[in-house]
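The two complexes that follow have chain A in common; it is paired with chain B in the first and with chain C in the second.
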Partner chain A sequence: MFKYTVKRALFGALTLFILATITFFLMKSIPGNPFNGDKKLSPQQLAQLNEKYHLDKPVGEQYVLYLKGLLQGDLGISIARKKNVGDIIFKCAPVTMRLGMVAFCIAIVVGITLGTISALSKKKWVSYFITFFTTLGVSVPSFLLALLLLMLFGVWLRWLPIVGLQTPKHYIMPATAIALYPISMIAKLTRSSMGEVMKQDYMVLAKSKGSSSISVIVKHGLRNALLPVVTYAGPMLAFLFSGSFVVETLFSVPGIGSEFVKSINGRDYSMIMGCTIFLGFLIITLNIITDLVSALVDPRIKLGK
Partner chain B sequence: MDEKLELTPDLFEKIPESEKNAERITFESKTYLADVWSRFKDNKLALAGLIFLILVIIFAIIVPMVSPYTYESQDPSIPHALPSLAHPFGTDKFGRDIMVRIAYGARISLSVGVAAAFINLCVGMVYGGIAGFCGGKVDMVMMRIVDVMYSVPDTLYTILIMVKLGANIQSILIGICIASWMGMARQVRAQVMTLKEQEFCLAATVIGASNARILFKHLIINSMGPIIVSVTMMVPSAIYTEAFLSFIGIGISRPAASWGTLANDARALIQSYPIEVIWPIAAICLTMLSLNFIGDGLGNALDPKKK
Partner chain C sequence: MSVLDVKNLHTKFYTEQGDVQAVRGASFRLEKKEVLGIVGESGSGKSQTMFSVMGLLSANGRVAEGEIYLNGENISPLAFKSHRDYEKKMESIRGNSMAMIFQDPMTFLNPVLKIGTQLMEPILNHTNLSKKEAKQRAIELMEKVGIPSPEKRINQYPFEFSGGMRQRIIIAMALACNPQVIIADEPTTALDVTIQAQVLELISNLKDEIDSSIIMITHDLGVVASICDRIAIMYGGKIVETGTDREIFYEPKHPYTIGLLSCVHNPEEEKKDLKPIPGTPPDLLNPPKGCPFVDRCEHAMRICKLQMPEEKSFSETHQCSCWLNSMPEGGASND
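After this line comes the complex of A and B, so read on.
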């Protein structure tokens, strides 16, 4: 277990290093200097700025300096915003994470409920309807759902506020928009694994011993059926934490997704690099944790084999 | 056992005319494709998806040909016109006909989807095929590279590549393909790994077929079923990525417009002209939904075990 953890961590670090390298050279290969557009600067000031941000050095040296900074947790400086990239990220990441947690809870509760109902229901139209709903959920892009919700509940009916995240009411639309895809995935997973579990001998045994059907379903059925959901929950959490870029932009949520979109549109290269590396780090870490947790939950999984 | 078996005519009797053909196989034998089709069309959702998709394709081809407007012809006298006979979907802020723009958008979005899926298929097939067929060290190195790339979300790669290459269709295709060929490569490799242990592969080797022939003629052809399904699923995901990129402003550059660009343009006016945003949303959602249904239906139809 320990050996496996170390191996995964090293592999994760290597992945992150490669991502950082790719990002750095891609961004550096775009012609132009962030200060060139600024006509107010005299050549002298320009030279000073270039020196300050190491832009006068050869690319190889800049790369080494950048990696050194990364190791110390320094993501560089956003030139457009005149702020430290790390500071910006640490200010907006918690907002995204709060929204992500809300969406995560919605997805888990609704997804598992729908999946279980669809697996257990004897009525054909129930499972037919849920299948239709989950396929719809997988197909409708979150940003379009957000746009639809915004139009329906925000603009026409005016039931829900459309800007920011000040009160719990503000969370409803963005969280729903982000959660629809995971809800559908979890419902699909739960349905298929619940269907498998219901056929197992121990379910028949538990029933024939006289346990009530609810206790059989929850204690024996769901507990076993949820293993695939645990495996999926990690990447899903990563997906939610990395913020649905457009949903945040649409609802003016000051999270990491909207910052990322802003930096892309403003061609703020150091911010793009910082966000990419931060998101990569988050996702890789959460994936490793998921694998370890699913091995702890299910003793049948042998790690590293 | 001296007794001889005596066969006399009275031991036999003539079978009635009606039973004469009792042992004939009355089912007409079907080819594999006909079989797949008969299973596919039993799935109502998949069939509806296919019909809708065909309608969208016809719409995308015909409408720009017969319509008097082009996607960039402006008419400042009728901005934001409501749907009417002259403009069935209405017009946008420059008085451009929305129906024609949606049809052009369909051309862009659908071709991006199909092209991306096709390129992905080729890259994944060659890469995964070689890795699975060679096995050993080659396989290990090749799959580690895939693992490294796979652990970073593809949106990040695509965005980086778009920022680098600029906003046009080629860079969208390159971006989507660089970011998403890994899944296909993994799948092909897994298929090839299991198939290459089977007897027909050994037989081909014994006859003296070359490695390339075995790989492409036998292994990959035999693993086509699941691969076709994931290619079908790749089309909507490429359409999604393209719409997403255009929606955040780094996809197709103006005045050309994909569905994502149209949705983005209409978004700014959502407070005053909400009806204009409906068309691109409906176009993207319904197309992706029908492609997903087709994919599901194909998955069931191509797998005889699921009969």
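After this line comes the complex of A and C, so read on.
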């Protein structure tokens, strides 16, 4: 297991390097630069700025300089914010991650519960209703839901605060808006795998030992039914941790999602690179963790084979 | 009093094509310390009869009629006011006074739980033993069914066991609470031939050691010959003939029994010359009104198609349902 993890980490580092390279050159291949739109700058000032951020050098040299910095843990200075990119990310990423974690927990608990109820309910309308809800949930874009919630509970009813994430109450709307899609996906996954598991022979044997239906379902059923959910949950968490530009903007959440999109719009090169590398790192790490957790849940999975 | 007495059991499955009448009036008794063999081709309703007794039918299955007496108490789902009452009763019975051994050891063990966890379940369900004591008991059980180094094996997962070893585990689970009745549903069918013999030998040794009565289901008369006291022949959802092993082997009455016997009789003389009965079992969606065997029977008469044959007794232990035996003298009109 340890050897496997190390191997995966090395591969991850390589992937990250390739990601950084591709992003770097793609970014440079788009015409224009951060100071293009700024009419107030004199040619001298422009030249100065270009020199300061190494923008006057050939692209190859810029790339080498950037990698050198990266190896020392230096992500450069944000051109727009005049601050260290690393510092900005370490300030806004936790905000997104906290919100993402809340949404993740909601998605796991609600999704698994809905999926299980839908698979087991003897009443047809229950599973129809849940299927309807989850189908809606995967098709409604999060910005639409966010807007609806904002209007309804924030503006008209005034039940919930609409700006920032200061108190737990602040989390309700943005977390719900982000969680709807994962809730629906997890519910669908759980429903289909639970339906499959209920037909398995080992469920009959478990019952034949005198265990109650609840214990058979929880102890023997869920554990097996959740294998596909675990595989989905890791990448989903990575997705939630990348933040949603729309939701973060609508609720004025200073997270990495809105920061990333702003940096792209402003051609803030070092910020774009920083965000890309950070998010790439998150995704790779969470994928490794997912595989480790899968192996814990399913003893048949042999890592590294 | 019989340990288990099943009377006129009917079990149906509701499907999109219609009602599958898997069991159509099966009756049999199981006496104390007896081994009863239930023999019939695949699809004759053997498993579903036992699943009905244990209350393990799949969601679309129902016991439609009949009584199931365990020690004189009717435990048919029809005898309970609500499904909840029934389940509550059965939870106290399953794995405790009645246990079941299943056909395919590859699919009946939970792939993600340790062998020990699964083996301790019936013990923890039905006794007051602590986890530690239950584990000790599980290790003893594993020893009893011939699993080497049980202390180590108990912490392993099913995929680390061979088919034969898994079946031993399932047998150990069934033995866990010293049940009065053990139902073994084709316990060797899914195994390799050499392993089959070993598992059969294990069961045959165990039956002398334990106090349980055993129902041994198989589609192979050869399997039951050595260990069963009595044999019931099942066909088309009914028990068509019952008798002691001698009666079934030496004085078979039902043409179906005779057909089955011709499949096993001369293993030494001709190696592979089995003579399977031509034709296929009846369609249980639209079962025949009369004798279920009529389409395949050499002796079929007109009445066989029209009316279910009555059961006739040849001795206290030997019964058969076939018009050949119960027709009044000279009353048969053959055509």
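Some points to look at:
In this section, the second predicted complex is superposed on the first by the 274 of 305 C-alpha atoms of A that agree within 3 Å, B and C clash if a C-alpha of one lies under 4 Å from a C-alpha of the other, contacts with A are read in each partner's own complex, and residues count from 1 in each chain.
Keep in mind that, in the parts below, contacts are C-beta pairs under 8 Å (C-beta built on N, C-alpha and C of every residue); 3 or more make two chains touch, one makes a residue touch a chain.
Note that the structure is a prediction, hence the values are computed from the model and not measured.
When both complexes are superposed on chain A, chain B and chain C fit side by side without a clash. By the document's definition of touching, of the two partners only chain B reaches A:Thr276; chain C does not. Taking chain B and chain C in turn and counting the residues of chain A each one touches, the greater count comes from B. In the superposed model, A:Val297 lies in contact with chain C only, and not with chain B. Residue contacts after overlaying the shared chain place A:His220 against chain C, while chain B stays out of touching range.
In the superposed pair of complexes, A:Phe133 makes contact with neither chain B nor chain C. Residue contacts after overlaying the shared chain place A:Phe153 against neither chain B nor chain C. Rounded to the nearest 10, the angle made at the CA centre of chain A by the CA centres of chain B and chain C in the overlaid structures is 70 degrees. When the two structures are aligned on the shared chain, A:Pro141 is found in touch with chain B, with no touch to chain C. Of the two partner chains, chain C is the only one touched by A:Leu205; chain B is not.
Closest approach of chain B to chain C, taken over C-alpha atoms in the A-based superposition, is 12 Å. Comparing the two complexes, no residue of chain A contacts chain B in one case and chain C in the other.
Across the complex, chain B is touched by residues 11-12, 14-15, 18-19, 22-23, 26-27, 29-30, 132, 135-136, 138-141, 143-144, 147-148, 150-151, 155-156, 238-239, 242, 245-246, 249-250, 261, 264-265, 267, 272, 276, 279-280, 283-284, 287 of chain A.
Residues 51, 54, 56, 58, 87, 90-96, 99-100, 102, 104, 107-113, 118, 121-122, 125-126, 157, 159, 170, 173, 176 of chain C touch chain A in their complex. Considering their complex, residues 199-202, 204-213, 219-220, 223-224, 227, 297-300 of chain A touch chain C. For chain B in complex with chain A, the touching residues are 45, 147-148, 151-153, 155-156, 159-161, 163-164, 236, 240, 243-244, 247-250, 263, 267, 270-271, 274, 277, 281, 284-285, 288-289, 291-293, 296.
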